[in-house]
Structures are given as C-alpha cells and as structure tokens.
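Next up: some structures, all given as structure tokens.
Both complexes below contain chain A, partnered by chain B and then by chain C.
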Partner chain A sequence: MFYREAGQFKATYAEDNRIFPIRQDRIVFAFIIIFAFLGVPLLASIGLVSNYTFTAILTPFLIFSLAALGLNILTGYAGQLSLGTAAFMAVGAFASYNFMLRIEGMPILVAFMLGGLCAAGVGIVFGLPSLRIRGFYLAAATLATQFFIVWCLTKIGWFTNYSSSGVISAQKIAILGYTFESSMSKYLFVLSVVSVMALLAKNMVRSNIGRSWMAIRDMDMAAEVIGFRPMRTKLMAFAVSSFYCGVSGALFAYAYLGTVEPEGFNLDLSFRILFMVIIGGLGSILGSFLGSAFIVLLPIVLSITIQFLEHSIGLNLPSGIGSSIELMAFGSLIIFFLIVEPHGLARLWQIGKEKLRLWPFPH
Partner chain B sequence: MMNKRIGEVILSFENISLSFGGVKALTRIGFDVREHEIRAIIGPNGAGKSSMLNVINGVYHPQEGEIVFRGKSRRGMNTYESAKSGIARTFQNIALFKGMSVLDNIMTGRNLKMRSNFLLDALYWGPAQREEIAHRRKVEEIIDFLEIQHIRKTPVGRLAYGLQKRVELGRALAAEPSILLLDEPMAGMNVEEKQDMCRFILDVNDQLGTTIILIEHDMGVVMDISDRVVVLDYGKKIADGTPDEVRANQDVIDAYLGVAH
Partner chain C sequence: MQFFFEVLIAGLLSGVMYSLVALGYVLIYKASGVFNFAQGAMVFFAALTAVGLHDLGLSLWLAVPLTMVAMIALGLVTERVVLRPLVAQAEITLFMATIGLTFFIEGLAQAIWGASVRGLELGIADVPLDWLLDHANMAISQFDLIAAGIAAVLVAALAIFFSKTKIGRALRAVADDHQAALSVGIPLHHIWGVVWAVAGFVALVAGLLWGARNGVQFALTFVALKALPVLILGGFTSVPGAIVGGLIIGASEKLAEVYIPPLLQTLFDTQMNLGGIEGWFPYVLALLFLLVRPEGLFGERIIRRI
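Take a look at the complex of A and B:
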C-alpha cells in the first residue's frame, strides 16, 4: 500500500540509473544510514547500546560484511569460486601491520590501502589458475592459497616482526591526531570505511566492469566474442575482490581483535565468509550485508534462546551443548538455503518487495 | 534495386580447412562476402556452417587457408580482434547472460566503445557517468528499433525464446558492427516471430548498411532475403551464387533430397 512507485516518473537516464530508483527505497536507505551514523551513537550515549553490542555485534558484522562483499564480487559477480578469502584477509592485515611498523608516520588509512593492494597483488597471482580451470577445480586451487599464505606468515618471522608466538598487536588507529580508542569510535571508523567501499562496489557492478564480470560468469564464450577479455576480466575480479578482503582483514586486526596470529585466518574463516555469501545471496551487494548479519547474529540469538530455555523451564543442558546446537543449526540452514533459495536472503527480500508492491491486492 | 548498394568484397576466404582430430569440419572452403550484402550459408545438419562462422569470428582457427579481411590477409582471427574490427554475432543456442537484465545485456555489446576504467567506474562520477548515459541512449535506440521497450528491465532468463533471440540480436547490434553473423536467427520461431526477425534483419541491412552473413534452415526465408547463397555439405562447398542459381543447382538438390544410387 505504501510501497508503490506509481507517479514517480524518470525523465533522464541519470535518474533511471540511480542505485535506488524508487523513492521509498531511498527514504528507507537514508534512514538506515542516518541511524547507523547518528542514531546508534546517540542511543549509546543514553546507555541503550552497550559496549558489548559494539565490540561483539556491530563491528564484526561490518567487517565480515566487507569480506563477504569482496568474496561476492569474485564468486557472485564474476563466478569464480574461491576458498582463500581468509588468506587475502591475512595478507591485508599483516601487510598493513608491516607498513605501519616499518614506515615512520604512515597514515593508517594509507596503510590499509597498501595492505589491500598487497592482497590484490596476491589475488592476481593466485587468480592465474582461473584462466584454465573453473568450478571445483578452481576452488581446490584457491584452497592452496589459503594454506600457503598462512604457512608463509607463520614460517617467515619478518611478517610478524619476529614475535615468538606469531601474534601481532595492531597499532592504534589514529587519524589527524585523533585516536580511535573506544568501541563506539572504532565502530564509526569501520562503518565509514565499509560504507564508502560498499558504494564503490555498487558503482562498479552497475557499470562496464561489473557487466564484464557477470558476462564472464553467465556465458564466457559469448563474453569473449563481444570483446571482453577473459584474462583481464577474471584477474580484475580477483584483484578487486582481494583488495576488499585485504582491507577487511586489516579492519579485522585493527578495529576488532587488536591482536591476531596467522592461524586466526584459517580455512574456517574462509568457509564462514563463503556461507555468508551463499546465505546472503550470490551476486548482490545487499546480500553480503544480510549474510554477514545472519551469521554474526545466529550464534548470539541461539545462545540467548538456550539461556532463556534454561531459566524459564529449568532445562538443564550439559555445558557446551549450545555450541553444538549452533553448529547443527548452521549446517542445516546452509542446506536449507541451497535447496530452497539459492539466491539467498537478498532474493527473499526482493520477492518480498515485489509482493509489497501489490499488497493488499492479489494482482 | 537491391544490387545497387552492394559494394566491394570486404571479406574473402581461400582454401579454409578445419579439422578436429581426425574429423574434417571444413575442407578447402573458399567464398567471398561483399560489403552491404546479405550472404547466406546453408546446408544440411553437420555441413560445417557454424564452424564456418566460428572461423570468421576467431573462435576456431583453421589449420589451412587464408582470410582476407578489408585487404589484410591473415591466417585466422582471434575473438577480441574480430570484435574490435567490427564483427558481431549471435549464436545458434542463445548465448545471453542469463542473470542480467535485457538492458544490461545490450549494454555489454557496447563494451569495446567504452573508455572509462574501473576506478572511474567505481566513483561513477563525471566522465564515467556521462559515458554510461551516452551509451544508454544508444542502447535505447536499439531497444526501440527491436520493439522490446516493455522488457528492458526484465532478466533475460525469464523471457520467451523468440524475445531472447531478439535481445541477442540487440546485443550484437549494440557494437555497431560492420559485419553481423547470424547463426540460425529464426530457429524455433513461429511465423509472426520469423516475419519480425526478417524485418529487423532487412532493416539493419538497409538502414545501417551492415553486411550480414546468415545461417538459416528456413529455405523460404533464405531465398527471400539473401543476395547470394553458399551451400556447404560435409564440410565442402557445393554451390555458390544467387538464390535462383542455387535453387537450380543439381548438387544442392541432391544434398537436400538425397541421390538415388
């Protein structure tokens, strides 16, 4: 009833090409952005949003969203399956650390950029097999990336500044003399980076480069015949995707954990991010955020439910069963989504919107 | 009247041979294509028609022979070069990008005309946006021409077969090709759809002056719209000439109807 675009006429192609062509979408989106930047800090200042919410929910949600976005560019848009996401994140994190450590007065944002570029370089190298192989075989090749990078970071002391345990402590995030110390300021920092990068990603996927990725994904032979060059397109997808993963890895180290070791970027993390992309929706920017929210929130919701059950009906579960239930729910949801809606939450959202346009009428 | 506009030879083949392992797909094929003409390639199934198109736009590389394109002689083409030099095509089994909208599919056809790089694309600002809109305007002209305005935002996977064929033609036209290769553009269509498609092909040829190389099984269509026809059978050329000449050729009749032994 409220979600109608009737009467909204587009007089120029610029208007038609907007990210949100429908006015209601623009209003909702503007509201979300304002709420995220102003509303959440305001609520925090009157004590409604706790530190725990910032450090355990909002910040990791945003960082994983960025990593999922990176993987979505590669897998969802360009159709190249990758299991090396965590490795690219590790490259970003450790490269940023070393730039900060070894270059005097390195601005943090530049270090993140350079970290991302290092990840992009690694992405290009490990993307080379994609020129000859695809699908599961490519996934196996990217698996090699995963193990090789973690092995390198563990074995070569220089990367971790010869720390005996292999653990690095990320430097403080400071911009123009302001240090981001509190959990809320870190949240705002991450939010700004993620918002800008999500906007850039959206712009890429709606312009020529994005179309080249999707063309290669949908029909590589036809893409070649109309003039896209497969090598360039695929390697570009690997580079951009790895850049995003690299920056998210740097944020993971600097704004979320503070101290990280190479083992923190293991295959488990790669799989988590792949699940986010699958559950959220392949080939959708929004899906990356939905998938990340889902997977960050799921354990929290499950543990609260289990606690609630224990308290309310005096259910006495053996300790540790919560995490087992979590794993089981996780696995079954993945299977559920693969069968029912391979395009994930983003598609459900889209179907919902289409229904909403008609509601309350059947046609 | 039609012959007046036909120009010089722009593409010619000499002794093209192509084989896959022991299978000979094409044996010493030679013919030429004149500018602005509609050139049909016909023949029974497996005669090597699609292989011939694949040779023209560089998907297959012939083992022997020579291609002369715009006065330049070469052994084979590669796909990028041939797209760059103005050869566009459609496929026998529709090869659209299923996950993308009609508009985006046709926009991909313009990729070689786009200048902006991915950084400008990412900012979607200034020149990148202007370029996107300029190309959008061109694409809308094609959408108007093919009468598919109502489906421009629909994902192509949801469209009926006939419309998909039309979108594929649109994608090829978006490149503003000088030579258009059409691989069975009317296969599986009903009469009205065929008439529409014929009209589009003739209009493209007439208004834009595009040279068209066409594979088609519908003899009525081929004899009606093409200027010259080359007939292949078992990878060999058995006839070449105007529709009337080809129709009267005994080898062609034998190839299609069989010979009494």
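Take a look at the complex of A and C:
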C-alpha cells in the first residue's frame, strides 16, 4: 500500500537514470545515510552505542563490506572466481604503511589511494591467467596470489620496515591536523570512505564498463564476438576489484586493528570475504553490505548464544568445545542458507520488495 | 648429485601422498561435478577419529574399520543433507556449500576428539632404508616407500573398481552425462552416495598415512590445500592426472625448497632467510603450467561454443 511507484513519472533522462528510481527507496536510503552519519554518533553521545559496538561491529562491518564489494565486482559482475582477496588487502595495507613511513608528510588519503593502486597493479599481474583459464582452475590458481604475497611480506623485511616479529603498527590517521583517535571518529572516517567508494562502484556497474563485465561473465565468447575486448575487460575487473580490496585492507590495518602482521591476511580471511559475497548475493552492491553484516554478526551472536546457554542451563562445556561448536554452527548455517536461498540475501530483499508492493492485498 | 637424487626421491614419495588427497577430489568432481573443498577436512576427520578410537584402547584393526564406517556414514549424510537439496544449482554455490561443510566437519572432529596434537603409530618406522643407505649411500625413508606402495595399490584397486564393476561403469556413465545416465535407469543418488563413501575411504587412507607422518593435528587440513595445485596440474577429471600431478608437485617443491633460496640470495645479494618456498611454489608452478595448457595435463579438452 505504501510501497508503490504508481504516480511517479519519469519526465527527464536524468530521472530515468537515477540509482533509486522509486521515491520510497530514496527516502529510506537517505534515512539510513543520515542515521549512519548523525544518528549513530548522537546515540553514542548519550551512551546508547558503546565503544565495543564501534570497534567490534560497525567498523569491521564497513571495512569488510568494502572488501566484499571489491570481490563482488570481480566474482559477481565479471564472473572471475578468486580466492586471493586477503592478499590484495595485504598489499593495500602494507603499501599504505610504507608510503606513510617513507615519504615525509604523506597525506593519509593519498597513501590509501596509492596503496589501492599498488594492489590494483598486483591484481593485474595475477589476473593475467584469467585470460586463459576459468572456473575452478582459476580459483585454484588465485591461491598462488594468496600464498605468494603473504610469503613475500613475511620474508622480505623491507615491507615490514625490518620489524623482527613482522608486525607493523599503523600510523595515526590524521587529516588536516585532525587526528582520528576515538573509535567513533574512526568509524566516521571509514564510513565516509566506504560511502564514497560504494557510490562509485554503483555507478561503475551501471555504466559501460559494468555492462562489459556482465557480458564477459554471462558468456565470454559471445561477448568477444560482439566486440568486447576480453583482455581489457577482465584485467580492468581485476584492477578495480583489487583497488577496492587494497583500500579496505588499508582501512583494516589503520582503522580497525592498528597492528597487523602478514599472517593476518590469511586464506581464512579470503574465504570469509567470499562467504560475504555469496551469502549477500553475487552481482549486487547491496548484497556485499548484507553479507558482510551477516558474517560479522554471526560469530558474535553464536558466542553470545553459547555463553547464554552455559549460564542458563548450567551447561558446562570443557574449554575449546565452545569454539568447535561455533565452527559447526557457522558451517551448517552457511549450508542452510545456500539451500534456502542460493541467490543470497539481496534476492530475499528483492522478494520482500515485490511482496511489499502488493501488501496488504493478495494480488 | 647424490643429494639431488635424495631430494628428488623424497619429493616424489611425498608427492604420492599429495596424490592420495587429490584422488578424493577427483572422484567426487568426476562423478558429480562438485568441487568438494571439504576433502581436506574429511582427511582430518578420518585421521582424528581413527586415532581417537585407538587412544580409547581399541586396536588399530578395530579402530580403522570403525572409522571407515563413520566415513561412509558421513559421506552418505553429506550427499543426502547438503548435495541433494542443491541439485542443479550453480557450481559456485555447491563449492561454497562444501566450504561450509569444511567448517562443520572441522568443528565436529574437534568437538568430539579435542584439538590437541595426537601421535599415530602405524607400526612402520620412519627410518632410512638400510639397504639403500649401504649400497647407494642414499637416505630414503622406509615409511615413505611403504606409503607410496599403499597409494599404488589403492589407485590400482580404484582403477579396477571403475572399469570392471557394475557400479564403476555406472559411475563413469554418471560422470559423462547426468541426464543420459538417469534416463537409462542408473540411480543417480545411489551412485553419488557410493562416490562420497569411496572418497571417504580415500580420505581415511590419506589421513592415516599423513597422520602417521606429521602427527594428527589441524595442520592436516593445509596439506589438503596442497592437493589443489596437484589437481589443476593433472586435470580435475583424471585419476592418472592426480598421480602424475602429485609426483611433479612433490618433486618440484622439494627441489625448489632446496635450490631456489640460495639462488635468490646470491641474486639479490642478501642474507635474508628466504625459506618456506614450499608454501607457494606448487601454486605458482601450476599457474604457469595452466598458461600453457588450460585444462591440465590429462583433463578433458574444453570445447567452448556459443
């Protein structure tokens, strides 16, 4: 009843080209953005949002969303399966660190951009095999990226500034003399970066380049025949995707963890981001955010549930069992999710919208 | 030169062990087109269950068949609960489901048996073979040789199973074309159950051998990751490919580990410790190989039409 586009006419080309063609969508989206930028800090100032929420939920959620967005561009839009996301994040993080360290007075945002560009360069190199191989062969080949990059960062001391343990401490985030110290300011910083990049991504996938990615994904031979250049398109996808992953890796190091070691960007992280993309929905910008929220929240909810069970029923699990059960629950929930909705949360949202359109009438 | 051969043979023998793990992947991929990422977790689960039962006081002769039963049950349940509802979904969805399965099996194994490292004694000593040490002055582990022998027997048995038995023929038919197989009356789900059970058996053998070699611990699942370059080198659908790929990967990674770091050190003139090349060398090798032959050594030639 309320969610209807009836009566909303598109009179100009610009109106036809909007990201959110329906007015209700625009209102909801504007509300979400205003809430994220103003509402959350307001709630925090009256003590409703704790520091823990910022550091353990909101900031990682946004950072992982960005990484998932990057992988979604590659896997969801361009159809190239990759298991090396964490490696690209590592490149972004360590490159930014070195730019900050070695160049006097480097602005942090420029360092992040340069870090992203380094990741994009690495992405292009490791994307080259995608011109010849596809599917699972490519996925297994991208493992080479994962292991090789982490090995390089661990073994070559220059990258970690010869720190004996291989751990780097990220410099402070400071823009125009303002230092982002508190967890809330870091959250706002990450939120701004992620919003801008998500907007860019949304527009990119609606444009010429995005359409060429989807053409390659759907049938690369046919796309080639009608004139898309597969090499350019695929490498572009690798570059853009790696750029996003690189920036998210830099944020991961600077705004979330503070100190990182190369081993922190292991295969597990790659898998987690792949899960976000699949569960959120392949080929959907919104899906990257939903998937990230799901994967970030799931372990927290699980561990709280297990703790709650332990307290309420007096269930006394030996140490270690709890984490194993968490692992099992995580695995089975993922399987359950894939069985129930193989197209991800974004698809659920679409179905929900269709239903809303009719509600409360049956037809 | 002698050292070279020693490294080479040790590499080949450890390659056989990779092949064992890779076999499990190939079996399932061939029959159902599912890239079963959980094979590594199955290896871990099998090894841990066998050792756990053995530690409870059962003899190995009892523990291993019991584990076998558990593995078959696991395979059948997986087929029923995970794969059947996902029939006709995209490959990547099935792949993700098996990653979920990996988490589940790893959690299950550790929830039942605990996360501590356990030793497994199969009664084969990991000592250099006296005869070779005396005559050729080469140190080749007796254990590795026996493991290679077991792998060879297993592969031969699987080859006979696939080519001579009724179930084997049905399996190959299913691998060729699901729908055609279904239409001539081959029970598809039954066959998939068998494949998962066989893969469970292969995982058990691999788990026992790897467990006896490196101790039964979580790191076993990483060994399984090493089977991936073996797979892409040999081709996802080829049993001989898994064997040959395993040999190549095993030998080359050991040789690379010995010879490349000193080379790099002189090249860049540093004293840095550049060891651990084993960790990525197989993947890079497989990647370079794929650039030449995208379908692997023995994989089916990919013919693509519009």
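One rule holds in what follows: the second predicted complex is superposed on the first by the 363 of 363 C-alpha atoms of A that agree within 3 Å, B and C clash if a C-alpha of one lies under 4 Å from a C-alpha of the other, contacts with A are read in each partner's own complex, and residues count from 1 in each chain.
Here, a residue touches a chain if its C-beta (ideal position, glycine included) is under 8 Å from a C-beta of that chain, and two chains touch if they have at least 3 such contacts.
Source: prediction; values computed, not measured.
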| item | value |
| --- | --- |
| First (chain B), second (chain C), both or neither touched by A:F308 | neither |
| Which of chain B and chain C A:A144 touches, first, second, both or neither | second |
| Which of chain B and chain C A:F275 touches, first, second, both or neither | second |
| Contacts of A:F20 with chain B and chain C, given as first, second, both or neither | neither |
| Partner chain(s) touched by A:Y52 [first = chain B, second = chain C, both, neither] | neither |
| Touching partner for A:A215 - first (chain B), second (chain C), both, neither | first |
| Touching partner for A:W359 - first (chain B), second (chain C), both, neither | neither |
| Which superposed partner A:I133 touches (first chain B, second chain C, both, neither) | second |
| Contacts of A:L267 with chain B and chain C, given as first, second, both or neither | second |
| Intersection of chain A interface sets (partners chain B, chain C) | 219, 221-222, 225 |
| Chain A to chain C touching residues, read off their complex | 75, 81, 129, 132-137, 139-141, 143-144, 147-148, 151, 154-157, 219, 221-222, 225, 267, 271, 274-275, 278, 282, 320-321, 324-335, 338-339, 342 |
| Complex interface listing, chain A residues touching chain B | 12-14, 16-17, 200-201, 203-204, 206-212, 214-215, 217-219, 221-229, 236, 240, 283 |
| Chain A contact footprint on chain C (complex, rising order) | 35, 81-82, 85-86, 89-93, 95-97, 99-108, 110-111, 114-115, 225, 228-229, 231-232, 236, 272-277, 279-280, 283-284, 286-287, 290-291, 294-296, 304-306 |
| Sites on chain B touched by chain A in the complex | 57, 59, 79-80, 83-84, 88-89, 91, 95-100, 104, 107-109, 111-112, 114, 116, 118, 121-124, 128-129, 132-133, 136-137, 140, 171-172, 175 |
